[in-house]
Amino acid sequence: MESLTVPPRTGHKTLLYSELVTQLEGLQSDIAILGMPFGSAYSPRGFTNDQTNAPQAIRDVTDRIVRAPEHYDFDIDGPLLQGRTDIRFVDCGDVLPDLKIPGDHYRKAELAVRHILKGGGLPIVLGGDHGITNPVLRAFDEVGPITLVHVDAHLDWRNEVNGVRDGLSSPIRRASELPFVKHIVQIGLRAQGSGRPADYQAARDYGAVLISAYELHDIGIKAVLDRIPSRGNYYLTIDADGLDPTIMPAVDGPAPGGVNFVQARALIHGLVKKGRVVGMDIVEIQPAKDTAAKLTCVTAGRLIVNLIGSTIKAGYFDK
Amino acid sequence: MESLTVPPRTGHKTLLYSELVTQLEGLQSDIAILGMPFGSAYSPRGFTNDQTNAPQAIRDVTDRIVRAPEHYDFDIDGPLLQGRTDIRFVDCGDVLPDLKIPGDHYRKAELAVRHILKGGGLPIVLGGDHGITNPVLRAFDEVGPITLVHVDAHLDWRNEVNGVRDGLSSPIRRASELPFVKHIVQIGLRAQGSGRPADYQAARDYGAVLISAYELHDIGIKAVLDRIPSRGNYYLTIDADGLDPTIMPAVDGPAPGGVNFVQARALIHGLVKKGRVVGMDIVEIQPAKDTAAKLTCVTAGRLIVNLIGSTIKAGYFDK
Amino acid sequence: MESLTVPPRTGHKTLLYSELVTQLEGLQSDIAILGMPFGSAYSPRGFTNDQTNAPQAIRDVTDRIVRAPEHYDFDIDGPLLQGRTDIRFVDCGDVLPDLKIPGDHYRKAELAVRHILKGGGLPIVLGGDHGITNPVLRAFDEVGPITLVHVDAHLDWRNEVNGVRDGLSSPIRRASELPFVKHIVQIGLRAQGSGRPADYQAARDYGAVLISAYELHDIGIKAVLDRIPSRGNYYLTIDADGLDPTIMPAVDGPAPGGVNFVQARALIHGLVKKGRVVGMDIVEIQPAKDTAAKLTCVTAGRLIVNLIGSTIKAGYFDK
Amino acid sequence: MESLTVPPRTGHKTLLYSELVTQLEGLQSDIAILGMPFGSAYSPRGFTNDQTNAPQAIRDVTDRIVRAPEHYDFDIDGPLLQGRTDIRFVDCGDVLPDLKIPGDHYRKAELAVRHILKGGGLPIVLGGDHGITNPVLRAFDEVGPITLVHVDAHLDWRNEVNGVRDGLSSPIRRASELPFVKHIVQIGLRAQGSGRPADYQAARDYGAVLISAYELHDIGIKAVLDRIPSRGNYYLTIDADGLDPTIMPAVDGPAPGGVNFVQARALIHGLVKKGRVVGMDIVEIQPAKDTAAKLTCVTAGRLIVNLIGSTIKAGYFDK
Amino acid sequence: MESLTVPPRTGHKTLLYSELVTQLEGLQSDIAILGMPFGSAYSPRGFTNDQTNAPQAIRDVTDRIVRAPEHYDFDIDGPLLQGRTDIRFVDCGDVLPDLKIPGDHYRKAELAVRHILKGGGLPIVLGGDHGITNPVLRAFDEVGPITLVHVDAHLDWRNEVNGVRDGLSSPIRRASELPFVKHIVQIGLRAQGSGRPADYQAARDYGAVLISAYELHDIGIKAVLDRIPSRGNYYLTIDADGLDPTIMPAVDGPAPGGVNFVQARALIHGLVKKGRVVGMDIVEIQPAKDTAAKLTCVTAGRLIVNLIGSTIKAGYFDK
Amino acid sequence: MESLTVPPRTGHKTLLYSELVTQLEGLQSDIAILGMPFGSAYSPRGFTNDQTNAPQAIRDVTDRIVRAPEHYDFDIDGPLLQGRTDIRFVDCGDVLPDLKIPGDHYRKAELAVRHILKGGGLPIVLGGDHGITNPVLRAFDEVGPITLVHVDAHLDWRNEVNGVRDGLSSPIRRASELPFVKHIVQIGLRAQGSGRPADYQAARDYGAVLISAYELHDIGIKAVLDRIPSRGNYYLTIDADGLDPTIMPAVDGPAPGGVNFVQARALIHGLVKKGRVVGMDIVEIQPAKDTAAKLTCVTAGRLIVNLIGSTIKAGYFDK
């Protein structure tokens, strides 16, 4: 059998004390972390961008996110797995490129997510840049109609850059072309949150629901949740720059006025209750720009904890 | 007479231009700063944790907190001491451990606070880790019934860690055992804000009022103030991680979604008016993680300025 | 003709891809950036304070503020210049001191702004410390009655410091003495936001509208806008420490509780609609204290983008 | 015609004020700089190692290496080009990988060096890791018999690593297999200066002259020069860790006791006089580890200056 | 049985790929690493000085000191253990203080070294500050007469500091009082290399051979070796500031003009051949002051490699 | 009386525990430190170059240079002042510019040195950039014929830069024009150690003795001393970049191959014995580029200690 992932070589080998599994074929799990450090670069220098360090940087603050898995957590009113011993929580390690076969890691990533989904797992993917959402989302074709919920300062509807169509500027455009993606809701848009005006027009033409950060601050997160179609299968993709740079400062281009943590947490809890969250990714963290206390990586971890705790509480993994 | 404290050796020798006093027996004062750098460590490496640098780090930004003591301050509608020349504002220096007598600095700290209280002073203690609240609070046994107001992301109800019962995880548990502590209100709880579920249960069984950060953001600080018993003697202990890491980033484990400065300031002004604030400490700052402009230390200082200014305005020190 | 400015020597030579122009006499433009790195120092060490690096530091993040000038920007609902090819947007470079003629750069700065105004340009000045507002504002004597809108933690009404009357502590006092300045509104005051009580009294005696940050948070930015006289010629001077240090951390003395970005943006859009914004400066950024992602400089740039976009949308430059 | 190189995008575009040329076919020159940032990586993470930043980091200290090209330089007893206006000194920019065609940059680098040699140029290559010597050296097949002079702490005789045969551990082994490489002299060996004992044996079996750093310190650089065959065509490859880490600290694995600058300079001047230096590279600099004053990059530049000045003085480019 | 040491918690758990052993009673070994992070502090702040981080910092550069234990090393003409599979090379972990029993770690350290010596091991101790030589040396009372060879800028003959007699200023004075220490040779003295003149006089009165760094540079290391009594049992204590700060920069008080690496290496090889080196320590490294490439820690490791390799070559461990 | 200097405002107020004196008229002393932070800038940005921070940066490492003044120092075979209580060692503070009177600090510096000389003091001046030697040297006109000994990588014979004739590039040219300067010896020249070839020619025409660093390494410092005229009044000016950047790394443009500490120390001791050293300055240190252990500033201090100790030993201050 092909080996799709490798375990981290230093620091915390898994996120949040989960079980390390790199044999993905036939894997039965409930919640599955997958590291996807490498996107589809626009240039040689971008091949190993700082985002490639993010999966491990997030794992490395495991004990700052959650001191001990059995401790009580106020965000989710109980311990991480809610005291449930029947929940299988795994970390599948990282999908890495093969320098000899350009693009092969996208094939591997898609396959890895397919294995996770097949075995009942909820995949939580640690990017990497936003290019990684491309292969991940393709694996959801048998899950049913998907509502893509996108938190970002930017639209990400570029068709291609330097001839690359599955890079960090294009994930939502590519998602819009997938037949099983039925709705797209984009939250936190602001600043130069788009590519060319034509990209913006394409998003509107598609029917994407565009909610700027300013509208969110105006109407509140509950009203935003109301604008998302109910009872859907939600795939949530969070670009770190969608959140406010005061709370997620380690990004390439910070844009003031973003989504705050309380709003983002409420969005996660709201989606979990409103339908079924079938997957999530967090992308575009550049660890070298993080604060001394690693605020960005801790915040990313806290969003994941909120997803894990709320899905368990909502009965997602009851057998 | 025993020497309980020593003056700082570098930088600003006192906080906010106050008078340096290290002879505490018989000291008459109104407001008294006390540095308490060392807690009760769980391990050798923790003996000199970065929190031990905080008292001096806060003093060192004195001129960023208050440019000149006679200048007008908008937070307190007047100069620091409100133009009052009859107010005695002192800094008692730091209580240091004796490496030959383990734990002796807790005895000294308790005694130092007793001297301050006896001479009419309002003690404002600069930690150090949260262990330092243990000896400080014990000194209040003759002040009358105390309502402990606790701003923190964490419960701090651990019974012991590595056999240590007066360390940074246990101050509220220990406080709950003091006969003169009558009420405990804990504000800003969030993330893995607790130890074991049993610790959480102990807090609830005791009757502690637990207000999560999310509840605070929902109902507002005025409603929170209404949940605190009126006309009490309030001892306010502020763990820096109770505040949001965007404004107090220099902490060991930042937790997004915390109390913001406007809320914390309103809490101080509200308590001062609602009863009598009899003591305060600020703990768990790790200066090495502060921003280039020393935001955490400046914010700590601003909270102290708000306490000083508002207690003077409220007539606490009128003779 | 005298050369008033010099182009930057490294990095982005102009802000936001504008056209470089250093021949100011006879310059016809719509929007004109001017760098003014040097104020009027109180001491030799202060001559080249870190604020002198700010004009270039802001220019250097041009591609973080705006990725490409033709891209769609959500803050201003269109590209930077709104697709208008008839708008002339220039950067005039920096006014530098002549070490042989103390103070001559203030004369040059005033003259440079006069040239810009004469040619129809809206000057946007990059400080420098707050001393630079002194010569800039003097150039507006033929524009008509001016309402000065001032965002700052501090009053800046000192009469002189070390014999210097046009330094960073005095710009609003000096402005109050200009006959064409008719109203002064000061927003975001907090902490030790003033000099001596007499300075505070002078501001009140003059009739300055003083709105503390706490009042702003209480009543909201719309109510604040209502307190500014309508249909004015507004000159907006933004001290970086007026904004909250979480979003503009690179300042000398951060003061928690400040104006947030959403409020500052709304203030700009509100002023643009309420009357005519005739000039703006952003001062007191110390780039050495900025975050790794240069949040302060990016935020400064975003405020400028909001001014540019909203003035164009409001028809300021329609011919 | 195929484009083999690209010009740097920031900072000094060329080394030492040379002329930028990226059209290499038909290029006539005397001295030609070529940047070769990328080697042949052993792993994805190694693809963009810090050595890839070295060509530009060295160019960026151009004005620290040589303040002005016309100034007098004591190391070479005259200005950089010795006042010669007939010397054509060019910088060919950098050879970059094509992410779609693995290994293609080695083909391009070899071709680029062939063009330089064909047009009479002395190539000076800026690595990159030591893998880059592989393609560069292959281009010398028409130059005549080559004596390879290698300054390094390590032997670099590994046959392959992870299946890669032209990576940073193998350049001397690969060189030994080239028919036109007749002699190999390795200077500065020390510490764990080899791979497996079999690699060491292979070097000895080949007949490489191995001179440890300790032998050099013992016998002096003149005696070392005497051990190099006379009147050769010398290709000099300098691994930064061959020099002492006190003077070239920015390396992956510093080894104390290395070649000092005075010795290295004497080696260059000695080789230039002893025969003909036909090419040089400097590799394995990791700029992120350099000192605040960029000592490693400046020293690299000074070695190049010594080569340029001494070859001109020796009449290499007399026509 | 009492547990004397604990294994490191992060990074390389042992130095140079050695075997981890924390059960020291009855331990049979040839070469034994022992970490001794904590000395005997003069003040609370000094309890956890940066020297306490050195044992782990040195272990953490294991793969920069020696890439792989089986590779050929030029300093010792063969692999680390010279291909000998019968050599037992262990790392005993670190001796830690018990915060409840002041000074107990000195008792433990002495006992740990006794166990190592009893089982035939050559102890190599990683400090910590120079206080740690006190307990270590006491364990050698059954080894026979000892010649103490001391590399340091300082004399270390203070009798006491703040009442502490076994701190970092006193190890040689204390050694001089041990009956089995017969000779003391101190090399590298320079700068303010002493305490009071009386300390200097005491060293001379004792008969210590004092060789300043300047004398060493003048006469050479071979002449220095001649001044050390022959055929002794040598205990070598190396204070990092004895070496030149260019090669061991991470020290508290660097003194220019020190012993260079080539000299220090020759000293080790010379002592090994001249008699029997029975123990070694390296102390006073402050890792926070090291270079980006960790030059000081790597150099410390290289000195240890030279000791290990040369003792094996000299037949110390032949059975 | 005019106030010529001001005391430092933070850190060690004086160098090496000397007595602070800012009243210079009539000052009787033996050894006098004078800080001269500001040169004559070529541009506004250069006015407050990093060299202006050097006087205080050197003072601030006082306790790293000399732990206690009464301790024994191996470099000078006794305590700093050799136990002499009759030696008056003062620090005169810093000469600062007056922003209103360009160049006035040169007048003040010259006058300050005149006062020191008049009162029998040996002035040791802490720069600042090399411009400061201009006014200092002018004060020696009544001392008798001066031999200027100059340690530097550069010639410093520029006539003017940007119209400035007394800036950092010109001190030796200006010295050559002083009638009482009879000989000039320049040691350590290397790299681009000159300005234009005409500057080099001017130095040769004058008769300056030019000794490159390479010649020094070749012939040794004793032979260099022999080339300096005997029994002179020596003024020693040390540019930090004259020393090797491994030992004085905190310079603007490091040049490998420089004078090492042992050579520089021998030069000082040699000059002291060969004639009379009448003054010294150390210039061009940029503290922001120093190592974590402040090696450059400590080395500067050690050179000063060697001058002080050796002049006292030589009987300079015997009465």
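Letters are used for the chains, namely A, B, C, D, E and F, taken in the order the chains are written, and counting of residues starts over at 1 for each.
Heads up, the rule we're going with is that a residue touches a chain if its C-beta (ideal position, glycine included) is under 8 Å from a C-beta of that chain, and two chains touch if they have at least 3 such contacts.
For each chain, UniProt lists the protein as follows: A, B, C, D, E, F = Agmatinase.
For clarity, every value in this text was computed on a predicted model and none was experimentally measured.
Enquirer: Hop distance check: chain B (Agmatinase) to chain D (Agmatinase), minimum number of steps through touching chains?
Expert: 2
Enquirer: Over half of the interface residue numbers used by both chain B (Agmatinase) and chain C (Agmatinase), so same, or under half, so different?
Expert: different
Enquirer: Of the chain pairs A-B and A-D, which one is connected by the greater count of C-beta contacts?
Expert: By number of C-beta pairs in contact, A-B is the larger.
Enquirer: With chain centres defined as mean CA positions, report which chain is farthest from chain E (Agmatinase).
Expert: C
Enquirer: Which chain has its C-alpha centre farthest away from the C-alpha centre of chain B (Agmatinase)?
Expert: Result for max centroid distance from chain B (Agmatinase) is chain D.
Enquirer: Which whole number of Å gives the spacing of the CA centres of chain B (Agmatinase) and chain E (Agmatinase)?
Expert: Chain centres of chain B (Agmatinase) and chain E (Agmatinase), defined by C-alpha means, are spaced 44 Å apart.
Enquirer: Taking each chain's centre as the mean of its CA atoms, how far is chain A (Agmatinase) from chain F (Agmatinase) in angstrom?
Expert: Roughly 61 Å, centre to centre.
Enquirer: Roughly how many whole angstrom separate the Cα centroids of chain A (Agmatinase) and chain C (Agmatinase)?
Expert: Each chain reduced to its C-alpha mean, chain A (Agmatinase) and chain C (Agmatinase) end up 39 Å apart.
Enquirer: Give me the residues of chain C (Agmatinase) that touch two or more other chains.
Expert: Correct list: 246, 291.
Enquirer: Indicate which of the five shapes (line, ring, star, complete, other) describes how the chains touch one another.
Expert: It is other, because the touches fit no line, ring, star or complete pattern.
Enquirer: Which pairs of chains touch each other?
Expert: So, checking each combination of chains, I get A-B, A-C, A-D, B-C, B-E, C-F, D-E, D-F, E-F as the touching pairs.
Enquirer: In the complex formed with chain C (Agmatinase), which residues of chain A (Agmatinase) make contact?
Expert: Residue list for chain A (Agmatinase) touching chain C (Agmatinase): 155, 189-197, 199-200, 212-214, 217, 245-246, 249-257, 286, 288-291.
Enquirer: Which part of chain E (Agmatinase) faces chain B (Agmatinase) closely enough to touch in the complex?
Expert: 38, 41, 43-45, 47-48, 52, 96-102
Enquirer: Can you check the complex and tell me which residues of chain B (Agmatinase) touch chain C (Agmatinase)?
Expert: Per the touch definition, chain B (Agmatinase) meets chain C (Agmatinase) at residues 64-68, 70-75, 78-79, 83, 246-247, 261-262, 265, 291-295, 298-299, 302, 305.
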